[in-house]
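Both complexes shown next keep subunit A, but they swap its partner, so subunit B is in the first and subunit C is in the second.
Take a look at the complex of A and B:
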């Protein structure tokens, strides 16, 4: 079994962006998710989507103050989960358009 | 939110002629003007606002689709249009694909929830490959309208 592929990380974050996860935040999440050697997913309720796909992120329709779960699987799972959690919690609230 | 709630039916185009980003945006805003959905005096200001938003990052969201948009004080409710380009337009999308399907949205300044719900609806429907493919291949505005109506009636099973 490939040990690298077994690395997993999860985080729970609350979306603080005043306008929710609209197009620009979704693009930034997708772009960052692509930069790691890991598969990254966003989970809301029972819906789990590929975090590199803007269309899938937008389809979740995440409103302000909603909670999201991040799941990362792969060699850089921890790094990916940390970076994306930080983006959502700290950077995205500064973006208004 | 359904397409019928924000897409101006009479502004839909299956034959976008523009070959670049600015031209495509101008043509779609013009179609909303021709449909009487925006004020002629605001045309240039709306186009500039949408272009400014594109400078922050492309609204090309993948699968050959873009959602150029802006908030604008001149509209009192969310209004949008759909346009299809057979040849495609380079919109600097994240996935590098040419854009064939456009949903252009203009929102009032104070209604971010409506904008988010419209994006959610568009994206949910786009996840369906059949809807996406039929939209790209639509030959006239009536065909596009029919697809939007079918999506509104959940005929693509995206919910």
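Take a look at the complex of A and C:
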């Protein structure tokens, strides 16, 4: 597919999980990201990681109340960006142990 | 070339091929793979990732079923981490372009992640480093598969490099092929140190992190005299060390010529030089050096080497070999001197925050009478075969000593009932290694046949220093005047009462302290067997009145450094070829 024809979507979310993006939230993000026909990236400062790569999400060291940018590329870019933004902002804080 | 400074714990120089061990005691093999093997190696990596993933998924399902989804979630996270595509891509790149072996690539990469995680601001996230370590171990287990080797299966000489060797690893190693040890952790009293001494091979411990810099098969030098480890030595360094090790061998041969001369001072005072041993085969080292006996037979190896508790016959056979080889010379067997935390077949103690102040040694055996009685039965049985003495470690109160003697009397009764032979007047002694025992020495002297001072623990307990802790190890010093005062009290009291006393800590094996100890009245030194020729050489050139005046002067001094310098200076005047 031509790069330019790909759909793109970006969102900015604030992490509300009490312990930041640790192993369990990261693995949920990775799992959800895989379910779309789109490539999703998490971006913080100059670091950009694939949202399906759990180790690299953890390595970003996202703390509570930090902002994070989502970039999605692909047919379901909008849907993926929405779903993952919702997961991070709304669902993850609820499942905190 | 890279030079690392650690703590010298067993003398000598070893040059050879490195065997690098991971945290679980498995060797990490060669760093590089051949160019034409790359595809196979990548396939091997993928198989290992798949196998590890399947294993984690099984764990996840089992735990989820048993405890609920929340507990299974951590395995889910591990599984996702293992399937991290960038990790896979990085590993492939390391194998394909840099020709790393998959094992080496995995340890290398995982170590990078661990470092990244440890630098994270959030302590909670930083703890995820443990997850990475867990995944690394799992992957390595699958990668090594049936090729996973522990150090009991060696086929050629190696120098063992490890993070920290555990007692069971060292107990199981194939000693025929191990030529030296170097570890990242550990101090002078560590198990690695004791085993290296027993094997009479050079060892350096506490060198700090270096395993990432070396891989299996590299040439390494371990300098156990200076506490130096040299990785990838250059030709010049290699040549210098080869020359030095030849010199050392020549010197050892010269000292060996003293073997059949008695250990006595120039003015005719008999000095007894005995050997400290851990393993039965070391008795040969004692015989070779002309030792006057075995002053300390540690028995911990019996408990550490296997997964099951040693039975009476295991004890008996190990003791018999030593007693028979010593052929009438005394053999002092020390009962179990370990913490409950170190013994695999005992329940883990719950409150063991300070193992050195906890349930160990005589305290432990008095709480586990069947285990204690098994050992005492074997010691009593073997007492019929030679000159055997029994010694209790870490006694701090008279009650403990009396209890231990009661158990011994009880076991004797058992043997009587079964008509089993033993020495009814088996000498019973104790280690003096807790300051409390020194303070109460006059009472103890009424109830023992002999004493042996364990300076390693006595120093540690007197100065409140853990000598495996790099931050405080500088405070650990046998020359500390507080330590010398305790030694003077213990030796003086025993000599006045006519009770035999010896010293079996590492301090007695150092010629630095020989004048001082002789001057305080000590005549019996129990040392690592390889130190016997040198001590004999030194003591044959000293006189007692001279040592007494040196000891007197040393006892007036205020700090450890001055005392060490003074003792060495005085010895050097009398024995100019002495080297420290």
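Just so we're on the same page, the second predicted complex is superposed on the first by the 91 of 97 C-alpha atoms of A that agree within 3 Å, B and C clash if a C-alpha of one lies under 4 Å from a C-alpha of the other, contacts with A are read in each partner's own complex, and residues count from 1 in each chain.
What we mean here is this: a contact is a pair of C-beta atoms (placed from the backbone, for glycine too) under 8 Å apart; a residue touches a chain by one contact, two chains touch by 3 or more.
Owing to the predicted nature of the structure, the values given are computational and were not obtained by experimental measurement.
Engineer: For A:61, select first, second, both or neither according to whether it touches subunit B, subunit C, the two together, or no partner.
Structural biologist: So A:61 meets both subunit B and subunit C here.
Engineer: With the two structures laid over each other on chain A, which partner does A:50 touch: subunit B (first), subunit C (second), both, or neither?
Structural biologist: A:50: touches subunit C, not subunit B.
Engineer: On the A-aligned overlay, A:30 touches which partner chain: subunit B = first, subunit C = second, or both, or neither?
Structural biologist: It touches subunit B and subunit C both.
Engineer: Could you give the residue numbers on subunit A that contact subunit B in one complex and subunit C in the other?
Structural biologist: 19-24, 26-27, 30-31, 53-56, 58-59, 61, 63, 97
Engineer: Any idea which subunit B residues touch subunit A in the complex?
Structural biologist: Per the touch definition, subunit B meets subunit A at residues 53, 56-59, 61-63, 65, 67, 69, 71, 94, 112-113, 115-117, 119-120, 122-124, 126-127.
Engineer: Which residues of subunit A touch subunit B in the complex?
Structural biologist: It comes out as residues 18-24, 26-28, 30-31, 53-61, 63, 97.
Engineer: List the residues on subunit C that touch subunit A in their complex, please.
Structural biologist: Against subunit A, subunit C makes touches at 70, 73-74, 76-81, 83-87, 113, 116-117, 120-122, 124-125, 128, 131-132.
Engineer: With touch defined as at the start, can you tell me which subunit A residues reach subunit C in the complex?
Structural biologist: 19-24, 26-27, 30-31, 49-50, 52-56, 58-59, 61, 63, 97
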